[in-house]
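Lettered A, B, C and D in written order, each chain numbered from 1.
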Amino acid sequence: MKHKVKALREALAPLASGQTLALGGALLRRQPNAAVHEIIRRGITDLTVLGWVATTSLDLLCAAGAVKRYEGAYAGMFNFGLAPNFRRAVEQGAIEVKDFSESTMVARFRAAASGLPFLPTQALMGSDVAVLNPEQIREITCPFTGARLHAVPPASADFTIIHGYVADEFGNVQWPIVRDSDDIDQLIASSAKRLIVTVEKIVPREQIMDTPALTYIPGEWVEAVVEAPYGAHPVSCDAFYNEDAEHLRNYVAGCKTAAGAQSYLEKFVYGLESHAEYCAAIGQNYLSKLRVEGK
Amino acid sequence: MKHKVKALREALAPLASGQTLALGGALLRRQPNAAVHEIIRRGITDLTVLGWVATTSLDLLCAAGAVKRYEGAYAGMFNFGLAPNFRRAVEQGAIEVKDFSESTMVARFRAAASGLPFLPTQALMGSDVAVLNPEQIREITCPFTGARLHAVPPASADFTIIHGYVADEFGNVQWPIVRDSDDIDQLIASSAKRLIVTVEKIVPREQIMDTPALTYIPGEWVEAVVEAPYGAHPVSCDAFYNEDAEHLRNYVAGCKTAAGAQSYLEKFVYGLESHAEYCAAIGQNYLSKLRVEGK
Amino acid sequence: MAHLDSSFSTDELAVCAVASKIKDGDLSFVGVGSTGRAFTLAVGIPLAATRLAQLTHAPGASVYWGNLLEPDLSTAPKDICQDTLTRWRAAASLADTGIKCDMLTRRAFDVCFDSAAQIDQFGNLNITALGDYRKPNVRLVGCLAQTEHFAFVPFPIVMIDLDKRVFVKEVDFATSVGHMRKGRTRAEMNLSAGGPQVVVTDKAIFDFDPASHRMRLRSLHPGVTLDDVLSKMSFEPVITENVGVTPIPTEEQLHLIRSVIDPHQVLLRKA
Amino acid sequence: MAHLDSSFSTDELAVCAVASKIKDGDLSFVGVGSTGRAFTLAVGIPLAATRLAQLTHAPGASVYWGNLLEPDLSTAPKDICQDTLTRWRAAASLADTGIKCDMLTRRAFDVCFDSAAQIDQFGNLNITALGDYRKPNVRLVGCLAQTEHFAFVPFPIVMIDLDKRVFVKEVDFATSVGHMRKGRTRAEMNLSAGGPQVVVTDKAIFDFDPASHRMRLRSLHPGVTLDDVLSKMSFEPVITENVGVTPIPTEEQLHLIRSVIDPHQVLLRKA
């Protein structure tokens, strides 16, 4: 039980180039984009990114040339198309991809969360996912039935970043009762060695303690918690604000070329000092129109 | 999406002697005692019981001579002592026990829930739990690290019985926001082949649909749902009523002998036709004093 | 809207064809879809078809859509933005997607829907990469749960528009395994029963020939010729004597689709 | 209550001894306990000691008690019935105990507390069965998470009253593995660092000798003789020259225990 509120820059200071970074969020929900902006400003490179169904967070890191390897179940922009910067980098051979299906990525995070060196799976039998990745997908035999299975290794990250809803200053993160639960953020958090959580709002400890069953990431798992309102923009934080469709459309269109991606980064990342400046650049009035609370 | 409300007798009709039965609940919370009474009245025998941290439900079945084998992480009466009927039967050699630790019992239910023939564990290294159970605990080697681990098989039950809080008539079971979460009922439910859920109250579907994130057992997993108020008595259903300390003390004292256990069963099980009669025998006024709602 | 036209769209035909495959009590896996046409194929038609089945022959059919289990399909959606999904009423929205993955791998689903960038004659699907996997011509999205769909769901329904670049002899990358891959059968790859059962396209419907494991033409949509179909495929499907015509929607089905299920044309978007 | 007696109970001595082992930031696993004396040993003393540590040298120490992570220990409990636990304020009450098991197996705990029916000279614990496992003289409760405690927690603290039938040469059944079993060391059994570090009894405190892996006497409680201790053990512990006396509680510690931490005597019950 320690006070864990930090500024974004301070919280991310220990992250270094060449490390493995796990990212929470799913499709257009709760991608930790504010943290990703800061990582890009820091000039971090050569990251191995462990994702789930990643969109903007991964693609922004790819735009900045920060990624050398991606492992996850999806990389795209959901209903806005393919991930332009990820795609270009992979097609140019600049990023190595190790694909996993959803249940096997879950198995990998579960292995990390439970301290196991592998978990078995039957999902990849015959698939090129397994055929082309002997490094991480190996055949084993069930000692009870003799069945053939694959083993997959833990998704072990040096750092893990999640964008959550609200937390107290000790890092206990809660979800609202009505939310979109289509993610594995709790599992990713539980697999973390060093976990940084950005949240929409820091709330009083009293509020957290009254409903402990709504805490999905306990402060005990958290190294630092950062207040970052609109920290998922341009994607949504369900129950707080919607995805910014206009911004996402412009992003995908602009990032069709490397030059377009660079001007996006200049405008929204390199040219700004902080997440507060980012929100100001997007426009508080504009952002407030995305809000859905109290609906 | 099917109407799944049944009477207790009807819901349990398919259960037969010799089958494997998994029981939800943990210590003095939500043991499915109403269903267990009905199983005893049916004269079922030779059950293999898969439990978690079982108290009354298991011990009542043992009193009735219904159990031939128990597998779980605990069998006792929590702060009321050892489980008298379980203990006597095991000491007489009438029940075979296969002990598992908590994380390995979790692994076994997870294996069943995810359709896997085994899951690995490092919890049992050197323990007599493993040494004395070569049938179910076998050494394997991690194909990545070469580490030695054990494999444990799925906790596969023919029938599974859980006592929950509230459900709609389609079997969607919800928990209250403030509750005691120290159990694995959701996991046990997800591992079930045929799942019977008793609940304190059937509530309107509208209420369930407004807060889908509070549903912990979806109707899709459920074969039948039974309204059984006080269905966990004499243990508690947290947020609804407390454990009945007086009844539990008398039970443990009375069951010190086989004859005492038989008179308990005569009085509270064999001599009664239904759960409604059980509640009447305990006394509605007496039961209402155990309630904690609205506190 | 109240005045029905006896003509119908290809998507409406597909809705009825898919609905006829859904049995009472079936639980179907529906993804959250993607952009444009892919959304219609992967989400719109499956949801409309399930609702049509519920309203006709299969009242107990349901879907797991995104992480909504048994979403209320009786209210027609007006849009598909995040907040609409967040507040969609449902029987359950379980704590994380891992629980849904467990349901997949323990074979708790009856039906699933899949679309892809490539499908080959044996029903292998590719949503991962076109060309050389390590340096692809087109990098696609990855796997999602489509690998699990073909490994663990007994009745996968594939929804793809016919196209020579899509219906290929052999997929560049097998994200999901069909009935044969590189000369090996499912059993030889340690896969049990499953794999794609039906392929619903904009021109015809296919299934798979048990003997050869190859895609087999079952019916041509009304007005479509065999040549139309073959000209849009890079392999020749098995063609038997009993190729029929895909049944056309009834007036009642069209009424339900247009007036009850999707009055705002969110599920079936106008071309 | 305000007037302090300079005398103290053995339980109060144990609370202070345990508190001195808890470091700032430590997360301790506390079970939900059992009946009577076992509750005091497994729950009462550990909770009181953690709270004492919080109030003195370790403000960032916390416990995972039952399924309550960081329960508010600042309110002294008046009873321990279910509803008291249900409504106990806490930082988190995660969805199921499996998440806590994962925390155990990934070594997320620093300290844990264990009691048992038997402990042997190498620190093996038995809470499963006395006599022959297959037809025991006394069938006990099973394993709970005590097997995990000794496998994965770096600093397990054992709380047991000294008794010849409890401190045995070799446990009948090793539920939890200590520092050596049947001649094999932890490393030879593929166990990493861990196992019991301290044994706190009503007469003396022990640790384990790294060379011989055997229990070693560290201190005698005030007024207790070596013979008192040895007469209550079925094996002889390692006895070195520097056996001390267990430090007695300070006035401040006694004040905190009696007036702040446990004024209703729920954690430390009167004998």
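The rule is short, and it goes like this: contacts are C-beta pairs under 8 Å (C-beta built on N, C-alpha and C of every residue); 3 or more make two chains touch, one makes a residue touch a chain.
For each chain, UniProt lists the protein as follows: A, B = Glutaconate CoA-transferase subunit A; C, D = 3-oxoadipate CoA-transferase subunit B.
The shown structure was predicted, so the numbers you read here are calculated from the model rather than taken from an experiment.
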Neighbour overlap between chain B and chain C returns A
Report the inter-centroid distance (CA atoms only) between chain A and chain B in whole Å. 38
Euclidean distance of C-alpha centroids - chain C vs chain D, Å: 58
What is the distance, in whole Å, between the centres of chain B and chain D, each centre taken as the mean of its C-alpha atoms? 29
Chain C residues counted as touching two or more neighbouring chains: 93-95, 101-102, 105, 152
Would you mind listing the residues of chain B that make contact with two or more other chains? 103, 110, 114-116, 121-122, 147, 178-179, 181, 210, 213, 216
For each chain, which other chains does it touch, given as pairs? A-B, A-C, A-D, B-C, B-D
For the chain A and chain C complex, residues of the former touching the latter: 26-29, 53, 72-76, 78-82, 86-87, 90-93, 96-97, 99-104, 106, 110, 121-129, 132, 147-148, 178-187, 216, 236, 238-239, 242-243, 245, 292, 295
Footprint of chain B on chain D - complex, ascending: 32-36, 39, 66-67, 80-83, 85-87, 93-98, 101-102, 104-105, 128-129, 133-148, 151-152, 173-177, 181, 184, 186, 189-191
As the complex stands, chain D meets chain A at residues 25, 27, 59-62, 64, 68-70, 72, 89-95, 99, 101-103, 105-108, 152
The chain A residues in contact with chain B across the complex are 103, 114-122, 138-140, 142-145, 147, 149, 151, 153, 175, 177-179, 181, 210-211, 213-214
Touching chain D in the complex: which residues of chain A? 1-2, 110, 112-116, 168, 170, 172, 190, 208-210, 212-213, 215-216, 218-221
